[in-house]
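The two complexes that follow have subunit A in common; it is paired with subunit B in the first and with subunit C in the second.
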Partner chain A sequence: MRGNQLRRIGDAALLVALVVATCFILIRLAPGDPFYPRLDDPAWTPERAATQRVAFGYDKPIRIQFVYYVSRTFRGDLGWSHSRNQPVAEALASALPATGLLVVTALGIAFAVGILVGAWQGWRRDSPLVRASDRVSLVLLSVPEFLIAVFALMGPALAWRWFPTAGMRTPYGPEGVLGLLDRLHHLALPALALGLPIAAVVARLQASAMREVRDAEFVRAARSRGLLDGLVLRRHALRNALIPVLTYAGLQLSTALSGAVIVERLFSWPGMGRLIVDAVGARDYPLVAGGVLVAALCTVVGTMLADLALRWATPRLRARA
Partner chain B sequence: MTVTDSILSVRALDVTRPRSAQPALQGVTFAVAPGERIGIVGHSGAGKSTLASALLGLLPRDATLDPASEIHLGDTALHRADAETWRRARGARIALVMQEPMLALNPAMRIGAQVAEAATAHGIARDEADARMLEMLAKVGFGDPRAAARAYAHELSGGMRQRALIAAAMLMRPAVLIADEPTTALDPTIQAQVLDLLGALRDEVGTALLLISHDLPLVAERCDRVLRLEHGRLVEDDHADRVLARHHIRDYPTPSSGPVVPRAAAPPSAVLSVQDLVVRYGDVEAVRGVSFQLARGEALGIVGESGCGKSSVAHAVTRLVAVASGRVTLTPPTASGHAGTLDLLALSREPLRRARRHIQLIPQDAGASLTPHLTAEALVAEGLEVHGLAQGATALARARSLLAELGIGADLARRQAQQLSTGERQRVAIARAIAVEPAVLICDEPLAAVDEATRERIIEALETRRRGGIALVIISHDLPAVRRLAPSAMVMYLGRVVEHGATAEVLVAPQMPYAQALVSAIPTGDRESSRRRIVLHGEVPSPAAPPSGCAFHPRCPHPQKDDRCSRERPALVPIAPDHLAACWKLPLPPSR
Partner chain C sequence: MMRPLRAACLVSLLASLCASLSACAKPDVESTPTGGTIIIATAGDASHLIPTHWESTSDRMLAELLFDPLVEIGPERNVFGDAGFVRRLASQWAWTADSLAIRFTLDSTAAWHDGQPVVARDAVAAFRVLKGRFNPGSLKTEMKEIDSVAAPDDRTVVVHFSRKSPYQLYFASHILPIPTHITDAIADSLLERSAWAQRPVGSGPYRLARREPGVETELVAVADHYRGRPGPDRILFSTSPTAESGVARVLSGEADMWELLAPQFVPEAEKYPDVRLIRSESFGYAFAAFNFRDPNDSSRPHPLLRERALRRALTMAIDRERNVRTRFGSEARAGLGPFARINSPADSDLTHIPYDTIAADRVLDSLGWTARNRDGIRVRNGRPLMFTALVPEASGGRRAMAELMQEQFRNVGVDLRIVIGDDKVFGSRLKSGRFDLLFGGWGTTPLRTSIQGTWGSRGPDPWGAQNQAYYANAEADSAIARAVRELTPAEAAPHYRRAYQLIIDDAAAIWLYEVTEAHAVHARLLTPPWRAEAWWRTIPLWRVDPAKRLPRDAAPVTP
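Let's turn to the complex of A and B:
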């Protein structure tokens, strides 16, 4: 059991290392560097760029740069962000909480809504309402989140003005309880835009698992003991139908993170997504690499959490590990 | 019998399935007296399980109960009852034990919780329910009820799972217990244990028992009355002995005649010779030194409880699993161009592929492994083409005639494998193996999942092949079938051969105590013989940690079993000409 855990952690570390290395190499293959001529920078001169390149080690061969990068990263130094003129770690730290809030809320919505709706759809399979809701989830499933985000912006936010269109809070807005409400108000649309398509995926998985479990012999056995229908659903069907969903849950974190890049941009959410997109535009390599590292770590942690949940739901797995 | 003095009475029960023309049940009428033991028999598809579901109000969605049907449970008219009344009856007054104990238990819930909920569902307080649950678990044979309550389904053996389900069903002391094929998924020795348990609980609680089974002798031994269903109609309702007398073909008192094959040395004519075969899966030693030889036209039956290593022998001999040690040689007919004897375990890929033609395996659940979108005839013809025995139209024609022999007509032969029933697929797999005319044919449970008529056809086809010169290995739980097909037989226990000899001795009058228990567990329909049955106590030990000495000693009922049994392993030695057994307590023949 212990050996197994260790191997898993080893695998995860290897994965993160691979992601970071790939990212480092890919980004270096693209033409240009942070000191390329920039139209908006009147201070740019070829001489200055050349000095900067030497100062930051960009004149060295890529192999050497990679070795530097790896050894620095191991020492906890993620480098200097040229576009923001601050340490990468600081830039990331300032954006991480916003993204964390957005992604965690979106995933919360996705799993709560998805599991409940899916369970209900699977259990009462043939009613017209189920068929209608199934169609809705199909639509949500096939629509990319940016479209939902655009519609959410156009309708509730721009046209009807129910929701704010940008940011995490009203500038110079209220503090205290009202401030909290203000933040929730800002959070609602982006979180829904990010969470609903995932909720649709979860709902479909949950519904099909539920349909299968519904006909399982052990559900029939539970019925034959005279259990109330609701209890059969909660105690016997739901937990077993959660297994495919949990298997899939780890992947959802990375889906949400990549979705966040777009949603954050549309809602001007001051998070990692925006930070990384801006950094790519500015060819701010250290910042991009730092962002990818954090995202990879998050995904790995997410997968591990999902794995733990799966173990909880499947005693058989616990025994085998 | 009137409605009032019966505990369950059913009148004009009609169940229809909108999607099929034929009603699932039609005009079924019978009554059950309190404490009565009734057997319900019929072919697969006759409506036995539908009847059970209807009586519990748990019909599948695609089936409907005709409004004119009547079901009276005591004085409750269930056919008119609402969902809540049904629910209250289920589990409390009428309970169910299902066929597949593994599937009938929730894999994510502890056993105790699943048993106890049968009481809490009917308003019994949690503590009281737990107390009753523990008491019932002890009663159904769990030595340590608390440990059993904490276990999950996968931690129990098949027999123990079924006991747990019986505990759940009997917890509320229902007036009627329906057991739907409660032992078909279990080994013969465990089967007898579970049926005895059901009988004992019935006697104690006074529950009426409806025992559903396709196995008429089994039912006749344990029931007073037998109902027989055919195509959804009740065609017989009579005393058990009379139904048995009318329908049961006593098909096996005379074992198949032919050469008997336990020989220490390989006969000069052996086509297959296996010596000291050992198979390991990680720490589990599934096969621990098995030897046998087979010549042309000989057949060997391998029997023993689930997990004793029968399939592993078959897989090792055909090189589907790695062999840890031992020797397997195949001597195909010389006409086929092979140079004499092949050391099967040493063959490299290509020679092995060519040798496979001569040693065919029909695996357990062979039907399930057929390519689903190919037609039956194409599947059989494919085998011929792969081994270069026939091509195109010739191959198809050969395939068709073989399938016809096994009862798969032209119509079925053109269907895709996925459109065939389990039994039909099974026959396609058999035809595919027979088609290439191997020298050795190994059949792993060839008769599982087939009805009586199909069973006859398969037995006949195999028997014809054997007389034609194929050497057969038959692995089966179906001892009567093995008796008919194989002149010699081998009983395995935990990876070892414990008795080996002529079927007429080994499977009729066995000597080694385990073989005796196994053979006595075959239902004959005769209550006398059921009384003489040897019911083993205790569970099948895990092959990962086999008991010391004679591996059977913890369960052995032999009166003279002693220390030596648990210390030293008895060797497989001749106890008579052509008869080997491994037990310390058997008299050895006078030495020459």
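Let's turn to the complex of A and C:
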């Protein structure tokens, strides 16, 4: 048991190291570097850029830069962000909570809505309402999430003014309980834009699993014992039908993190997605490497948590462990 | 005789009429009370807040609100002598008898945000850092002609120049003193990353209250500023990663301004009565420059584009006016040459190579490009007449121009291949010279001498330092050199005009467009005349219409 866990942790660490190393090399192979000119900058000179490259060690071979990077990272120094002119750790520390809030809320919405709707769709026999909801989920599944985000921005935010268009809070807005409500108000649209496409997938998986379970022997046995329909659904059917959804959940953290890149940019949400995209555009090597490291760690931890949840829901796996 | 009661009624009626009329009239900037919070949505964030290290317009914008210079160029944008320059930290100035130095007397009331007086040593330190080898900032060009800065006493700054020039005061205006009572303890090499650089103590009308790099920066008014209290209590610069989100913030009223509205957003913005569009001429111009060197070996001339007749024929194939109308409507005008209209309004009547496809065909035929391949592309000695255009992804206007020109070139049998790259890819190819046509643009300043670097032949600094396409014309260089030496705008103008005409006649580039800048500003802001070269400089004079104040205007100021 312990050996198994250690092996999984070792695998995860290796995965993170591989991801970071690959990004470290790829970003340096892309044309340009942090000191190439901004567009139409007449003050830029090659001499100025060369001086800066030497100062930050970018004139050295990539393998030497990587060795420096690894040794610095193990000492807890993620480097200096050229585009933000601040330590990378500080930049990440300010962006990570924002992304965490957005992604966790979006996944919460996705799984709550997806499981409830999917369970209802699967449990109910074919009806016009089930068919309609199935089509809605199909549409949400088919439309790219950036388009959902654009619609959300243009309609509910800009045209109807139900929601704010940008940021995490109203500048100089209320504090206390009203401040909390204000933050929720700002969170609603980005979280829905990010969560709804995932909710559609969850709903379809859940509905399909529920249809299989609905007519299973143990469910029929429960019914024959005279249990109420709702009780059979909650206590027997849903728990078994959750297994494919929980397996899928482990993969959704990385999906949500990549979706956050677009949603954060559209809603000016000051999170990791926006930070990393800006950093790639600016070839801010230390910030890209730091961002990828944190994102990879989050994904690995998220996957492990999903594994634990799966084990909780599956007595067979628990027994094997 | 009028009865007293009736007279009183009439007077009160007149008074209430006057009052209601004055309430209806738009309040003017000067008489409106100060206060309020202004949120400015910006496309990019500053990476440096200190004036010795600025690298971008965003850096400069914040640094100029946090720090005052010795003097500032006036709204007329004159850069010759000292006409129109306005006092800032220096209350007066005078040239020395040999015209090689300017003696500034500091305002005795000028103080840093922490209350310490501004002293002459502060200007000396700023100059030392600006010129220093640890500083990658972009003001080195302006500092080039300044030899040294001295502080004979606490209130006197003497700026020494290497040669006589009409632009001495303009160059000196780029020295924004830094507080030596803080920076003396920091080595110049560490200044950029110091705690002071992250939270600077400045001398400008605003001080830094809060900053989250890449997200937002809050400045608050310095109530006891030596030049008087600035208008708005607070300015929040809030970064929007996409133009769509930035524009949406202004249209929804969440922000008060979006600094530069792209032409495609103008029709939408015009539908919103709460948003006013302030238009100003641009200091930038876009062009498609012909590469004069071989893209595969920059030591050799370009195998085709070295021919002046070919460049002129290619220019004749392009309908610049129509292209600009198609892409921008009335939001831009065709480019005039290697300059922006705003800097040279008198040169709008220069002679241009006309749009004439028949003449273009004739010239191309005469150059031996008579045969055509299956695609209709001209061929000479088995080689198709094909060029590669390097276009920046970030410029929608230039991308559109490249596509329109591709079609027009095809009509005369020329194949244009377009390579679009992000800033860094563009910069990388630009540096290596791997292009035939460069879809570039220059943001100019009121100082017209920058043409030495952009279109002057490659030579000793500053000649040709930014001339990425290696254009060279000795006659144009000579005209530019004379223009730069002249002491008045009137004397310099004919030489600039001659240089411009030579460069246009040479078909160094196809002059694409100059955009009319549109700034989306909420109607609740009252602004003085817009300063096209640096709109942020008037922020201390902005006012918030008392009738349109929002809850955020009354929020307490961050201590």
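Remarks
Quick note on the criterion: the second predicted complex is superposed on the first by the 314 of 321 C-alpha atoms of A that agree within 3 Å, B and C clash if a C-alpha of one lies under 4 Å from a C-alpha of the other, contacts with A are read in each partner's own complex, and residues count from 1 in each chain.
Here is the rule we go by: a contact is a pair of C-beta atoms (placed from the backbone, for glycine too) under 8 Å apart; a residue touches a chain by one contact, two chains touch by 3 or more.
Treat the numbers as computed from the prediction; the structure is a model and nothing was measured.
The superposed arrangement places subunit B and subunit C next to each other on subunit A without a clash.
Looking at the shared chain after the overlay, A:Leu275 reaches subunit C, while subunit B stays out of its contact range.
After superposition on the shared chain, subunit A has more residues touched by C, the comparison being subunit B against subunit C.
By the touch criterion defined above, A:Asn85 lies against subunit C but remains apart from subunit B after alignment on the C-alpha atoms of chain A. Of the two partner chains placed by superposition, A:His186 touches none, neither subunit B nor subunit C. Touch criterion met: A:Arg235 reaches subunit B, while subunit C stays clear of it. Using CA centres, the angle subtended at subunit A by subunit B and subunit C is 160 degrees, rounded to a multiple of 10. Legend: residue contacts after superposition of the two complexes on their common chain; A:Thr314 is shown touching subunit B, with no touch to subunit C.
Of the two partner chains placed around the shared chain by superposition, subunit B is the only one that A:Arg223 touches, whereas subunit C remains out of contact.
Here the smallest spacing between CA atoms of subunit B and those of subunit C, following superposition, is 48 Å. On subunit A, the patch touched by subunit B and the patch touched by subunit C do not overlap at any residue. Across the complex, subunit A is touched by residues 37, 39, 41, 45, 47-48, 55-56, 133, 136, 138-141, 192-193, 197-198, 212-216, 234, 236, 238-242, 244-246, 248-249, 251-252, 254-255, 284, 392, 394-395, 421-431, 440-444, 450, 453-454, 465-466, 551-552, 555 of subunit C. Against subunit A, the residues of subunit B that register as touching in their complex are 56, 58, 60, 87-92, 95-96, 98, 100, 103-109, 114, 117-118, 121-122, 152, 154-155, 165, 168-169.
Contacts from subunit A toward subunit B in the complex involve residues 215-218, 220-229, 231, 235-236, 239-240, 313-316, 319. The residues of subunit A lying in touch with subunit C in their complex are 30-33, 35-46, 48, 51-52, 80-86, 91, 94, 150, 153-154, 157-158, 161, 164-167, 170-173, 264-268, 270, 274-275, 277-278, 281, 283.
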